[in-house]
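Let me begin by presenting the structure, written as C-alpha cells, before commenting on it.
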Amino acid sequence: MRRYVLRRVAAFVATLFAVSLLVFVVVRVLPGDPALLIMGTQGSPEATARLRHAMGLDRPLLVQYVDWLGRALRGDLGVSIQYDLPVSRLIVSRLPVTLPLALLAALFMTLTALPFGLYAATRRGRAGDYLTMIVSQLGIAVPSFWSGLLLILLFSVRLGWVPSGGFEGWSQGLGPALQSLLLPALALGFFQAAVLIRATRSAVLEVLGEDYVRTARAKGLSERRVIGRHTFRNAMIPVLTVTGVQLGQLIAGSIVLESVFALPGLGRLALGAIAARDLPVVQGVTLFMASAIIAINFVVDLAYTFLDPRIRYE
Amino acid sequence: MSRLSRRALHHATFALGAAITTLLVLTAAASFVWTPTDPLAMSIAARLEGPSAAHPFGTDQFGRDILARVIAGTHTSIAVGVIAVGIGAVVGVLIGILSGYVGGWLDEALMRLIDAIQGFPAILSALLFSAVFTPGIAISMVAIGIAFVPIFARLTRGSFLELRDREFVLAAQALGASAPRVVTCHVLPNTLPPLIIQATTSFPVAVLAEAALAYLGLGTQPPYPSWGLMLKDAQNFLSMSPWFALFPGGAIALTVLGLNLLGDGLRDLLDPKTT
Amino acid sequence: MRRPVTSLIVLLLAVGLAATGAAAAPASSLVVQTSTEPPGLDLTASPASAIAAVVFYNIQECLVKVDAHGRLVPWLAERWHTTDNLNYTFFLRRGVRFHNGREMKAADVKFVVERAMNPETKHPHPKHYESISAIVVRDDSTITFVLKNVDAMFLWNLARQGSVIYPREAVGTLKTAPLGTGPFKFAQWMPGDRIVLERNPDYRAKGLPKLDRVTFRFIPDPNGALAALKAGDIDVSTFGLGPEHVTELRKDPRFTAIVGDTTNDVILAMNNSRKPYSDVRVRRALTYAIDRPEILKGAMFGLGRLLGTNVDPLNPYFVDLANAMPYDATKAKKLLAEAGYPNGFDTVLRVAPQYYYTVRTGEIVTNQLAKVGIRVKLEQIEWGQWLARVWKEADYDLTIIGHAEAWDIDNYANPKYYFRYDSPKFQELYRTSLQTLDDKARRELFVRMQHMLVEDAPAVWLYDYPRLLVTKKGVQGFWKDLPIPSVDLSEVSWAK
C-alpha cells in the first residue's frame, strides 16, 4: 500500500514537471512582443527595445526556463508587468474569488445532481428518467455566458436581489461576498450538472444491480431503506471521483463567467494577462491552474483507492 | 435484419438520437449547395427583425437572414465536432495503444504526459494557442481536440490492458500472429464500442466549447456563421430583438440533445450486461 | 469576531458612527464603469488611454490644459509669454501642493520634463520634447524653456498625458499609487476589480472637486455593464457600452446619454507598399466602393461622424471632406479596370476583436467591397499580434483600426509608419506646418494637407468614433466631447 502511494506521488511530481515544461514552451512561443504591447502604437522603437532588454527577453530560452523553474519552486513566479506586483501575490489575491466560486458551484452541482440522479435511477426506463435526462441536457446546452446573463437580468436587474457583478471582498462580510458569487456559481453548477446527474444515475444503477441489494430487497426491507442505507454510500464513490474531476472543469469554466460577472478572479487575470502579453502572469497562472487541476485529480485518485478496497492499479 | 439492428430501431433513445444526428448531418451537407437565401447578404435597413414570411427566423444586426445562417452554421458545428473529436481520438488512441502495448517506461512517460495535458482544459489551451497563432476555427478545433486526447488515450489503454490477457488474444499470439495484426484484428474491434460512445459524448462538448470561445472573441471568423458567434452577437441586441438568440440557441440545444441521446442509446444497446 | 463582547463593542461603535454620520452632509460619491483596467497607473511609462481615464486631470495635471472645447488654457502655469517663439517663460501658480503636502516648484517641472526627455526612463513619446534644448529655472515659480527651433506643437505637447507634473520623490510609486496636484487623490486599487479615488481637500480651486469619492469599476462585458447600470450598481458608463445599448438607454428616462465627438478616427488602412494598393487608382477605387453612411448605420447605429481625412471634427483646422469622394460603385469598378483589375482581386483584412467596432465595420466593408469584385477574407487577430505584425512590420493588406491621438495627421508624414505612405510633398507641408505659428498660415497648410490626403487616398477614412457616455439621471458635469483622452471628473456632481 505504502509503495503504491509513493509511486503515485512520484507520478504526480513527474506530471507537474511535464506541465511546467508545456507551459513554458507554449508561452515562450508567443510571437507577440510584450515590450511592444506595453508601448502600444505610440511608443518609439528605441524605447521598446530598451524595455525588451530590461525584461530579460533577449536571453537564450534554456537559461530562461531553468531560471524560471528554479524560482517557481521557491514560490517566486516573477513580477507582473501590468501591476508591478509579484505574480504569486496576484494569484493568491485572486484565489478568494475563484476558489469559493468553484466550491460553491461544486456544491450547487452536487445538490442538484444527487437527488436528480437518484430519482432518475429509481425511475429507470420510465418517463421520470427520460425527463430528467432531457432537462439536464438542456442545462448544459445553454452556454454559460448566456445562463449567466439571463440570471443577471432576472435576479439582479429585474428583482434587484443580488449585485450584477463585481466583488467587494470578504472584508465586507460573508453576506455581500456570497451574494456576488451566487449567480455565477449557479450558472456554473446548476446548469452544468448534467454530467454529474448522469454519473450519479449510473453509479446508483450499478449498485442497485448488486447482489447485496437484491438480498436486502429479498429480506423484505422497504425500498427507502434499501436505497438510503445500502445503495447510497457505495454509489458515492464513483460520484466523488466525477465531482473531483468536475472541480477542475469548474475552475476552467470560471474563465468565461468571471468575464460576464466582472469578477476579479484567476480567469480574468489569465485573460487580461494574455491580451497584455504579461508573460510572467500568463506563465504563473497557467502553471497554477494546471497544477491545481492535476493536484485535485491526484487527491481524488488516492481517495478513491482508499475508499474502494477492490481497486488496485497494477 | 440482425437482432441488433432490430433492437436498435425499437430503442426509443437511440432512434431519436440517430434521427436528430442524421438531420444535422444532412442539413450540413445540403448547406454546401443550397440555403434558402444567401447567409452573407446584408441589408442594414432590414436589421433585427422578428420572424416573418420573408425571414422565417428573422434577421440579425446586419439584416442577414437568420434561418440561412443557422443552416449554414450547421456545417461549422459539425466540422468542429468531427475534427476536434477526430484529433482527440486519433492521437489518443495511438498513445493509448503504444502505452498499453509497449508498457514499461514508455507507458509511464506517456501517462505522465497525458496527466499533464489533462491539466489544460480546452478553453485555457485555446486561449494560449489563439494568442500564438491566428485565432480562428482551426486553432479552436486543435485546442479542443487536444483536450480530448487524455480521455481517449485512457479509454484505449484501459481497454487494451484488459483485453491483452484475454484468451482469444493469447490464442492469436500463440498461433504466431504479429503484434500489429493482433492489435488491428483482435483488440481494436473490441475497443471500438466505448470509443464510439465517447465520441458521441465529446461531440457536443466540442460544439459548446466553440461557443464559449466565440464569446471570448476567438473561434469562428465573421462573417461566416457559427452558432456560437451568433449567440454572442445576440446578447448585445437582446432588447432590440429577443428572437435573435432563440434559433442558434435552439440549434445548439438540439445538437447536444441529439448526440447525447445517440450515445445513451448506443451505450444501452452495446452494453454486454443488457444484451 | 472571536468573542461576543468584541462584536457588541463593534456594533455599538458602528451605530455611534452612523449616528454622527447622519448629522453631517452625506458623502457624494460616484461609481464609474470603464471596460479596460489600466496596465499600471504611470502616465510616463505607457501611452494606454485606460491609464489616462483614471489619472489624467483627476490625479495628475499639466502646465497647460486642453479644455472641454479643445482649447489650450493655462493650468498649473498661470500664464506664459514668448517674444521670439524660441524662449517660453512660464509663470507657475503659487501655492499648488502635491498630494504629499509639498509645494510644487519650478524645479519639479524641470525634473519632470528632463526625465521625459531622458532615453533611460522609457517614456513613450520622447519626440514630444525633441525641440527643447534647455530648461532654466529662474525662481520657484518661473521657468523658461529654450527651444532649438520653432515648434507649433510645443504647447500642445505640454498638455498631453505624458507631461503631467508629479513630485520627484514619488517616481517609484507612479505605477501603483501616483501622486500629483489634481482634484482627486489615489486611495485604493483592488487589481481586477476597482480603483478608488478620494477628494483632495487641499485642491487649489475652491469648491472643486464636487465629489468626495470616485470608484472606477472595470466591467469588460458590455452586457454586464448594461446590466450593472440598469441594476443601479454603477452610476456612469464611460466606455464599453455599444451604440445599440446607448440607443436603447436614450429612450430610458432613468438615464442620460451623451453622444459627442472624440479624436478617435476609425480608418481602413491600406498597405501602400504592397500591390495592388501601391497604385493610387486602386486606393481611390476602394474609397469610392465604400458606402460610409451605411457603415455608420450598420456598425454604429448612426452614432458618430463621417470622416473624409484623418483630421477629427474637434481639431481647429478640421475641414469636412466626408463627401469629397462619395459612394459610387460604378466609378470604383472603372478605376479598378483602369488599374488592371477588371475582375477585382483577393485580399485579406485584419482586425483585432479587442475593438468590437473594427470587427463590425470589417464585416460591412467585406460585404461592400465584394460588390465591386474585391474578395475580402476577414481575419481576426489578437491585439498583441496586430501590434507586432500589422503595426510594427506592416505585414498586412488591409486593416481597420481607430487612431485615438489628437493631431495624428503626423503619421502620414512618416514614411515608415505602417501605412507606408511616402509623399515628399506631404512631408514638406507637414514640416512647414510645425514651424508655422501664425494661425491663419497654419490653417492654410492643414487645409492643403487634408486635400492632399483626399487626392492620394493612402487610407479610407470612415468615421469618428463617438463618445458614448451614459449616466444616471441627475449626474452632471461630464464633457460632451473628448478633445483629449480623459475622464475629467473635477466638475462632476449630482444635481440637487
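A few remarks follow.
Here the chain labels run A, B and C in written order, and each chain numbers its own residues starting at 1.
The rule is simple: a contact is a pair of C-beta atoms (placed from the backbone, for glycine too) under 8 Å apart; a residue touches a chain by one contact, two chains touch by 3 or more.
No experiment lies behind these values; they were computed from the predicted model shown.
Ranked by how far their CA centres sit from the centre of chain B, the chains are topped by C. Comparing chain C-alpha centroids with the centroid of the full set of protein C-alpha atoms picks out A as the closest. Here the spacing of chain A and chain C, counted between their Cα centres, is 38 Å.
Here the spacing of chain B and chain C, counted between their Cα centres, is 44 Å. Centre-to-centre separation between chain A and chain B, using Cα means, comes to 22 Å. Multi-chain contact residues of chain B, defined as those touching 2 or more other chains: 131, 235, 238. Across the assembly, chain C contributes 223, 354, 382, 384-385 as residues in contact with two or more other chains.
Annotation for chain A: residues 30-32, 149, 153, 259, 277 touch two or more other chains. Residues 30-34, 36-44, 46-47, 50-51, 54, 81-85, 90, 93-94, 149, 152-153, 156-157, 160, 163-167, 169, 259-265, 268-269, 272, 275-278 of chain A are the ones touching chain C in the complex. Across the complex, chain C is touched by residues 40-42, 44, 47, 61-62, 130-131, 134-136, 217, 221-223, 235-240 of chain B. Those residues of chain A that touch chain B in the complex are listed here as 11, 14-16, 18-19, 22, 26-27, 29-32, 130, 133-134, 137-138, 140-146, 149, 153, 209, 248-249, 251-253, 255-256, 259, 270-271, 274, 277, 282, 286, 289-291, 293-294, 297. Within the complex formed with chain A, the chain B residues making contact are 13, 108, 111-113, 115-124, 127-129, 131-132, 204, 208, 211-212, 215-216, 228, 231-232, 235, 238, 245, 249, 252-253, 255-257, 260, 264, 273. Interface residues of chain C facing chain B in the complex, by the touch rule stated above, are 222-223, 242, 244-245, 248, 294, 297-298, 353-354, 359-360, 362-364, 366-367, 378-382, 384-385.
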